[in-house]
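Presented sequentially are two complexes of subunit A, the first with subunit B as partner and the second with subunit C.
The block that comes next holds the complex of A and B.
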């Protein structure tokens, strides 16, 4: 794609994301966002700053299982200070015998539920994208969860002409997805254009880089020599390998992602 | 990537998911891993591989071989990008169909030519709904030609039937194209079919690219800004989106329905200071006087006559559940309750016929008069679709869509 098309596309995507976050702010009483310090949720924070006069006007939550990469923790502290984030860190318990489904499902979900209950958040901004996974392609922009975090994917809310209904069940909350229309390469083009600070793990070291970041237990790097943003963008325009191939949770079982999401995982 | 959004319509089992799956494979737009995953799943289920499995990713969808909810798939072909929105073909899933189709730039209709399939009431309903949603461009893919010996007559019979129905509901025929295909065998999708030598037209993907280049959806000329709310930090900074026309810094605006006037002292587009904002832009209007949070759902314009403030709306309503007492509409991003809903006539969606009636059967449409509990900013759908349409609710339940006719 030429530069002019990229610019038009990014402007359109940025517009939609800003619109969605402003809808969330004016529709709900207490909005928070999940921040994993990954490229998508960090881009979401950059978009929030664009939408709300240079500040992120909601708390950001990190569900911390204690086994994220040291670079990730360092990045969290650095950006939280730089952007003056209202950061909530909630520790989730990790047991050695747990992995994949049990770990992402049970542990992170329990911790997240605690946070939502404690603060009474009624909307949670989550930075998923439709191109990540077949299941995510089915998501709505405003997607209600019941009090047990269940996603009623068999009977989703109507979302017609971009009208996002903020109806939710009692004690439930609404997931807000401002990045649904973005692709992986769009994210990198935006990071480049807006100079969004990034976790260093995304850039190649010794022939490997992380394309998608989870915790140290479930994420493996991919072979890549892409040590800067331009190189990453060129690589993504060519690749036929899925972004999340380094993430165990997607591969374990055919429908594991769907089950995780129905349980409330992001 | 911003692409042409194409909603894929048609009766269940006429091959929508199969077509999108085939297009993904044929254009190399899907990773080998995702194809392998779908193949593994079909083996596990003891079934023959079916390209639609790439799309139907809910467990229930693969087990029951039907699409439950909208899904999206991106296809890249030469310079064009398409996002196919696959919607469920089952009648009871119309809510999901509407949710997917309402985002589309144009529609791709699938009709199976196979004996006993053909044009159904669901085919017609999808076309009627597409027109109500504001879709004005259409590609008709006549599918399963392989099942009728690639018969030209069979293709023409179905094409003519669709053409007649479109004429009846007033769909602009200059924006409609017909292509014979076999989605399962990937014939006439990206590569021409040898078996259909009588077809002189282009393959489906080329036809789609051509239709994408036709003029876009209609939009009004007046300046209309839908207001989303007011900033937490400043009660003079208003958030909104330009849905038609353009706005310049320094303009004097009128806010509907309140009638309040203000001057746009500062203008931001996506958070950056600008002199002018155009259609689609997400804006911050820095006004010379404060507003309250009740401004959400209002409309701003630099013209006094760009729209009206009214509590009475005449509309064409597609009703999905039947009418009950507790009706409300969502318009301009807010919910407004209806004091009264009077039905004037009913349209049989499958035939396009309009008959005087005081009720609308579920899944049919009709003309209604709505008396709202408060005034809203509104315009005719034909003139400014963005503020001339609404989502209809019965109690908390989704109950249909409406377009403003008067």
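The block that comes next holds the complex of A and C.
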């Protein structure tokens, strides 16, 4: 079995994630979270509710490029209402002739900058995991960005024994990554255990499902008969296929991704 | 005919995908027979596939029969953007 799929102790993962979010809330003036309505960011919101007595006590930002799946918009509306989320929807301008990658990276980053400037957020909770992509494996739990969104990945603070640094650069912000050590199977086991509501696109329909969700332009489904969580978990425990194989942006060369992430691409 | 209104709304969108025409489409969509969608990209060159203006959503009724197609962007008043939110309530036809 792929190391990334080894089941970890959910209680320990949950405990650490809750600790990270509480640290973020107490150390920074204005915290917000990014929400894409995917399984990871929705799990992050469920963890926030565990951390803060049933509430999500910070704004939740959706950077909307206008071409998400209709099911994703419906799920956003439903869960925002159910969980009483303080939802900020920021539309990113989309240039129709740009590539799939540029469509997401450049446009969404511009939109995110506008939101951070407008509201003055100094910490942003983002639901990336190390096992998703080699570039993300270099991240820290508390990862500072300068005022130009640049990430100095070659010169980062060591995070030893759960000792995190909340230092940030002047006019910059800190990315907080509470799910960094989780893997894909952990996420689904948590969703199952806590009955976290999920976007229906993750479940098989007509012999296909979406293992990783982006927008309609950049995401392709995978062949799968997994129509429920148990089946998804069993499927993941056997698969040798990368989680984000259906995402066009990840097909860019690794060093390009690294460079662009360092420049502030989400 | 049940779908007379939605077909008219779809035609107006194909001619002019303004936000007003999208809102009119979204109002009549729930009363129509349309239940599913499929996004089609431009054909041929990679640039065509990545051009939003060449993409469209095919719409199907509950029996999987094709009803028609609409663009997936809005434009007008100097703005342009994605419009898949107006297909809210429909489910994707995979495969």
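Going forward, the second predicted complex is superposed on the first by the 257 of 266 C-alpha atoms of A that agree within 3 Å, B and C clash if a C-alpha of one lies under 4 Å from a C-alpha of the other, contacts with A are read in each partner's own complex, and residues count from 1 in each chain.
By definition in this document, a residue touches a chain if its C-beta (ideal position, glycine included) is under 8 Å from a C-beta of that chain, and two chains touch if they have at least 3 such contacts.
These numbers were taken from a predicted model, which means no experiment stands behind them.
Trainee: So in the superposed three-chain picture, is A:192 touching just subunit B, just subunit C, both, or none of them (first/second/both/neither)?
Mentor: Touch partners of A:192: none, neither subunit B nor subunit C.
Trainee: Should A:205 be classified as contacting the first partner (subunit B), the second (subunit C), both, or neither?
Mentor: A:205 sits against subunit C, while subunit B stays out of touch.
Trainee: Pick one for A:150: touches subunit B only (first), subunit C only (second), both, or neither.
Mentor: A:150 contacts neither subunit B nor subunit C.
Trainee: Does subunit B (first) or subunit C (second) touch A:70, or do both, or does neither?
Mentor: second
Trainee: Would you check which partner chain A:231 touches, where first means subunit B only, second means subunit C only, and both and neither mean what they say?
Mentor: Touch partners of A:231: none, neither subunit B nor subunit C.
Trainee: Between subunit B and subunit C, which makes contact with more of the residues in subunit A?
Mentor: After superposing on chain A, more of subunit A is contacted by B.
Trainee: Can you give me the overlap between the subunit B contact set and the subunit C contact set on subunit A?
Mentor: On subunit A, the subunit B and subunit C contacts do not overlap at all.
Trainee: List the residues on subunit C that touch subunit A in their complex, please.
Mentor: Residue list for subunit C touching subunit A: 37, 39, 41, 47, 50-53, 55, 72-74, 80-85, 87-95.
Trainee: Residues of subunit A touching subunit C in their complex?
Mentor: Answer in residue numbers: 65-71, 73-74, 77, 91, 93-94, 96-100, 103, 200-201, 205-209, 215-217, 221.
Trainee: Residue numbers of subunit B touching subunit A in their complex, please.
Mentor: Residues in contact with subunit A: 1-2, 28, 31-34, 37, 40-41, 44, 54-55, 57-60, 68-74, 95-96, 98-99, 102-103, 133, 228-233, 237, 239, 241, 270-271, 280-282, 284, 293, 296, 330, 333, 335, 386, 389, 391, 396, 398, 401.
Trainee: Note which residues of subunit A are touching subunit B in the complex, please.
Mentor: For subunit A paired with subunit B, touching residues are 1, 8-9, 11-15, 18-19, 22-23, 25-26, 49-54, 57, 130-131, 133-135, 137-138, 140, 153-154, 156-165, 167, 183, 185-186, 240-242, 245, 254-255, 258.
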